[in-house]
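The following blocks contain the structures, represented as structure tokens.
There are two complexes below, and they share chain A, which is joined by chain B in the first and by chain C in the second.
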Partner chain A sequence: MLTLILPTDTALHRLPAGAKLAVLAGFGIAIGATSHLLLLAMAFALVWAAYLPLGFAEVARLPRRLWPLWPFVVVIGGWHLLRGTPEVGLAAILRMLAVFAAATLLLLTTRFDQLLAVFTTIMRPFSPLGLPVARIALALAMTVRFVPVLAARAEDLAFAWRARSPRKPRHRLLTPLALAALDEADHAAEALRARSASV
Partner chain B sequence: MSTASTGIKLQAAGVALGGRVILHPLTLDLSERRIGVLGRNGSGKTTLLRLIAGLIAPEQGIVRVEGFDPFVDRTAALAALGILFQNPDHQILFPTVEEELAFGLVQSGLPQSQALARAHAALAAEGRAHWAKVPVSTLSQGQRHYLCLLAVILMEPRTILLDEPLAGLDLPTQLRLARRFEVLPQRLITIAHDPTSLKGVDRVLWLEAGQIVADGPPDEIIPAFTAEMARIGARDADADLAD
Partner chain C sequence: MERNLAYIALFAALIAVLGFLPRIDLIAGVPITFQSLGVMLAGAVLGARKGALAVLLFIALLALGLPLLSGGANLWSVLYTPRIGYVIAFPVAAFVTGWLTERMTMLSLPVAAGAAAVGGGMVVLYAIGVPIAAWMNDLTLAATATGALAFVPGDLMKAAVTGVVTGQLARMRPGVVMSR
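Up next, the complex of A and B:
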């Protein structure tokens, strides 16, 4: 989720990140305020239509992007079916899908540093109260950097395993991956020290 | 030591890690513009570079860069020294090129907007303006090396420490980087196991098992080093374990 950003430049990419976040927040509040199924379905359709500037391929890909939510759909739907309140369940599912589709659209069209800038601006009033805003921003930026790095390390370890074993690695790679993460942390600490006197 | 404090001085400075001696006490006075450190894997080259950069403290002895202790006085060290890690992935801290470049400048006191402007100007001057917003994960190995070098140059240190800067890169990238190093006005201290990457240096230190075995002009040291490496390679190289 952290690095979804599509490399193509569309009208949605050029909108300010703060405005997009405000719209997302407003949208979330608005669909939380209604349980009208038709309105909720229309809201979801509206978000789906908002994918149009990204091209038809992205419009068609939305169901696949939302697919990981299926366990929640099953649990929420099942629970409300058992309780005999299917409309409430359907409303909850529609809300969830609409908000996820909208949030995904935001992540697809907004670079992380823009989100980070909004975060820093919003949090600035709290910094005199002792909240280390700059450090949190640094930690968030480094997270975005190192999530793909660790994913690549995990893949390398899996390749190294597969090169020498016919069986699946499963949990046996967790220990080396944890050690690799600590190793990365050591290197990152050294790199921080090499360029910063204060961190 | 108090006079002409522009060089790098080591006085009986040694390093031990976990009870094992990595660098025996070294006394060195480094003031040449281009210095090479030659040695095999595990000879202590990288430890020497880290010691000079102030990333680690000496177990014994004294390290002084331009008269100050680079481990203690980090602010002075950052102004004086830049270090290029052997593996760019160990150096890059940020997800995009411009953030990576701006970080060091922000740390030295520049506001974020000015730091970004400087980063963009530097990229433009290198004909790489289009890199600014690119995620670092999409850069090739050679491009990441180049990014790390740019990040170091931007901080305008007076000395740059290079750890195997050409190892593992394809030939055109090696040539491109070597050309970039050549025109740098800074003092360069380059670590290498391959003497061909030390072309044009003024002085070569040959490190073996944490000790300096030779120190002098390249046309004297490099042939001796190459001959010794060939001699070791002809035997069963690399069978001995460190004690």
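Up next, the complex of A and C:
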């Protein structure tokens, strides 16, 4: 759920996570600097080609991974068509698709603990300035750990609701879910204190 | 200290989980998700500072590439979509929601939290999100603002739910609502 990572080990998996994150960030910024349609189309083709080490199945699956973006394609494309500026719209759409595809590629090939290590390394110089890097890293790891816990709780609450009522639960599950989060937080805080974690 | 850290981390997780909940399409293509409700709730329950920190933690995970935005997106994949404006506005929205909840002590907690969610989670969110969304996509402000109107009914409902849920939490776990 939290990660899309492909279990097969490829050359892209073995690249250092920091390098991949830096390339992604650089790519995201660079692609914002140009509105040249040919350049943007080439950038998208380049990202698509970068899926090759994952195998042809993944290359073919990219359009389906991009599918959730269709509402934005319709809105942005439609607006610029109406205004008579289709090139600007096409550039915005290409930029969006290219960055989405590149971000997905990172997720397909990088584990979270590798990314967390990158975060700690980048932030280390700030720690003498009073930024509690270790504490932030702990909080990041805790959040990632508790997302599946809370998601499972949300599912249980929805099941229990459906057993009792033919209607949809809608917002009625929110209070018990928030309560679960607060109680889990109390437990986690107690556990941290018991381990005398200096956080 | 451990308690603050745990609350911030768990609320960040709650915001993420609210993004997984099935979304309702108000109008075709305009998804109404519970994620912004999580942002309002973080401010209303944790208060300005901790609420904003919880949202910042959530965004840090998005920047690390985790697909926690509703629809399985991360920070990089929404960078050039209209959504980026709202993501940037989320921490400010949580801060203002918390700040207002803390200060409107003459109102009962549910009413104050609901009103604060309108101020932080709607007024501030749109004020920051709409211009950025327009700028990132070469759209005009007027067009983007008109598009944002589609979210108003859903967001008003979310603000009301924020008030109700905050009130219920305060009743069930006294002392847990840190904004008061």
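Assume the second predicted complex is superposed on the first by the 195 of 199 C-alpha atoms of A that agree within 3 Å, B and C clash if a C-alpha of one lies under 4 Å from a C-alpha of the other, contacts with A are read in each partner's own complex, and residues count from 1 in each chain.
Here is the rule we use: a contact is a pair of C-beta atoms (placed from the backbone, for glycine too) under 8 Å apart; a residue touches a chain by one contact, two chains touch by 3 or more.
None of the values given here were measured: they were computed from a predicted structure.
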| item | value |
| --- | --- |
| Combined model on chain A: chain C and chain B, fit or clash | fit |
| Winner by number of chain A residues touched, once chain B and chain C are compared | C |
| Contacts of A:Leu90 with chain B and chain C, given as first, second, both or neither | neither |
| Partner chain in contact with A:Ile136 - chain B first, chain C second, else both or neither | second |
| First, second, both or neither for A:Leu62, with chain B first and chain C second | neither |
| First (chain B), second (chain C), both or neither touched by A:Arg111 | first |
| Touching partner for A:Phe119 - first (chain B), second (chain C), both, neither | second |
| Inter-centroid angle chain B-chain A-chain C after superposition on A [Cα, multiple of 10°] | 80 |
| Which superposed partner A:Ala102 touches (first chain B, second chain C, both, neither) | second |
| Partner chain(s) touched by A:Trp79 [first = chain B, second = chain C, both, neither] | second |
| Chain B versus chain C as contact partner of A:Val47, first or second or both or neither | neither |
| Where chain B and chain C come nearest after superposition, their Cα distance in Å | 10 |
| Chain A residues contacted in one complex by chain B, in the other by chain C | 3, 112, 142, 144, 149, 188, 190, 192-193, 197, 199 |
| Of all residues in chain B, those that touch chain A in their complex | 50, 53, 55, 74-75, 77-78, 82-83, 85, 87, 89-96, 98-99, 103-104, 107, 133, 135-137, 151, 155 |
| Sites on chain A touched by chain B in the complex | 3, 5, 111-113, 141-142, 144-145, 148-149, 187-188, 190-199 |
| List of chain C residues in touch with chain A within their complex | 1-3, 5-14, 16-17, 20-21, 28-31, 34, 37, 41, 45, 57-58, 60-61, 64-68, 71-74, 76-77, 79-83, 137-139, 143, 147, 161, 164-165, 168-169, 172-173, 176 |
| In the complex with chain C, residue positions of chain A that touch it | 1-4, 21, 24-25, 28, 31-32, 68-72, 74-76, 79-80, 85, 88-89, 91-92, 95-96, 99-100, 102-104, 106-107, 110, 112, 115-116, 118-119, 135-136, 138-140, 142-144, 146-147, 149-151, 154, 171, 174-175, 177-179, 181-186, 188-190, 192-193, 197, 199 |
